[in-house]
């Protein structure tokens, strides 16, 4: 059922404007290409409005924000909203500094992104909960697990109701929530957390999936992107030689996305709906 | 005949100053090393003049331009000109925003780069033709093909005559033109367009090849760089496992450049002269 | 004996704040993860104090410095000092421009980093010696060799005594020096110099190793990081297929760090103490 969003993205080839961090930007560009979309990166105040206008979706990632790029995020975000383009916010490191928390909240309130994707600590920081980021990683105490699953889903659904955004919290268990629906996704491998930027990559690909989908199906498209990333992580891991590690694993995950099709995703996707 | 420029670059080991985008900069640095040259990246207004002065060539790429780096491009470009260093302009995304088009034209007019390398839509945007960029990709309607080849060559030769630059338009068919000569190059694979930054990489390597060549042979050195990139793309593709995709392919192309020698290039280069 | 610092880093999982260049930043993040630590990159003046405060160590790399990031380096450096966090300075390109030389000296004097790691030309530039950088590479005339080994060690010990920093000069032979002790390290391969950023990667990993070690053992932890990088380079090289080159080699070195353990390092480390 989610596989169709893989095909749809390849068919529609959405053009995605990314204002993103310089740490993982190359991988973000390659995974957007791998899923059949096209990336463009632009963060200068004087051109972001024009760039966003020719695109289909906007991916805002605050990973290495500065005052110049924050201004660009706001300008591009407002223009994307005006044009009814999809906007995704990845609040990298929200909770780690007040600048990040403040900026992410400001984008959330003023731009009202269609999707917010982060780790659970970042989402909690946005929701004024006890989210204690460990830098750009989620705090162990915040982790979604079998024992707090119902409570976590209730929190994310409530946050979705409050903000109007699809809310995606990824980790060992991934949750993709609207105000009244939730996907609980079990794809992926723990080793993915030893690669920098799997979250950033997922946000870029998710912007593409959601931009390619009909408006009423955005929740499913977001869930399909999460399953694609996780399934790619599983497929890629199976191809690793014993001496290969996190750097090669990163390449192979993008490779697996490059080969992903609807049939494979429908076979590999592991999720429940609540 | 073009293979000698591979050897020459390895022998001369030119030092290349790059003011380039943060998306593909790591691959640009690695391919410059792979072809036997040395890269240095520096974009601060207060040091670009000094950095360019110790280098042999300057690669200006506007892929993630901002007002600070635009000023640096002009300062470095003027200093490189004054010192008779090779200057290459890669007008990434010209046509996608007026800032990019304007900046690329300003560099073209004030710095008079020795080489301009872009996709055909970017070149058309510089020439005030109907170039309609699709973000950083060429528009399908602009593509150079068998049916419009003569017309495309005539356009690029005229643009070279007007600007004094060697003009290189890469795509399925690559064209390397001076005012009165053209190389039509058939190396490369369609899958290369699914990797971010093959164009940026080529521009970096081309700056190295042209910087290492005698002034009268710059057109041939530029053509040799295009053939090297394309042949590396073919060699790399042959080494891909069935499950490998665009991310690994990117690495393998740089690897193939690392192994390129004059004999291999002379065997693999596929071009006509017009 | 040095292997224990591999285990200690994996056990302590230090969080490392990096203000570093955009060329090699992704590899720096992945190698910090590979050695068991966690990276965070942040360079905005308004947040670097907060980010450094939640971290265990600070890695300052001037590879693509600009006035905004120089200010951030000073703020973060002073805060890290105040909190007794480990600070490492990588003076990329010191000697190549007066801005770089001046900035690196200013950081050295005002922040008094615990460790300075560069190539021998960069260290000489900081010490007002005849260091003649060739861009970001050491000058051949400066190279540490068997014939000038005693003299090089004496110079670095004296510079360590003068600055109070552990001084690390890497190249074909690596030297890790305090005022009265020196490790002369023979791990690594010449092919590593054809990869962009092996020095930057080492600096990031070294910040993690030193941050995880007891204060009295920082010299050993720094030496362990050098041996880990060199041994990883040897292990990775053994896994390269004949057609693989510098781009794949870069991935495989990080992979080998990901697999490094104390036993392997104790077997593979090749050094003398003087």
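Order of writing sets the labels: A, B and C. Residues in every chain begin at 1.
Keep this in mind: a contact is a pair of C-beta atoms (placed from the backbone, for glycine too) under 8 Å apart; a residue touches a chain by one contact, two chains touch by 3 or more.
Quick caveat: nothing in here was measured; it's all calculated off a predicted structure.
Overlaying the C-alpha trace of subunit A on that of subunit B calls for a turn of 120°, given as a multiple of 5. Different-residue interface: subunit A and subunit C share under half of the residue numbers found at their contact.
Per-chain Cα centroids separate subunit A from subunit C by 33 Å. Counting partner chains per residue, subunit B has residues 22, 26-27, 250-251 touching two or more of them. Chain contact summary for the complex, subunit A toward subunit B: residues 15, 22, 25-27, 29-30, 33-34, 38-44, 46-47, 50-51, 54-55, 68, 235, 239, 250-259.
Interface residues of subunit C, counted against subunit B in their complex, comprise 21-24, 26-27, 63-67, 93, 96-100, 134-137, 194-197, 241, 243-248, 250-251.
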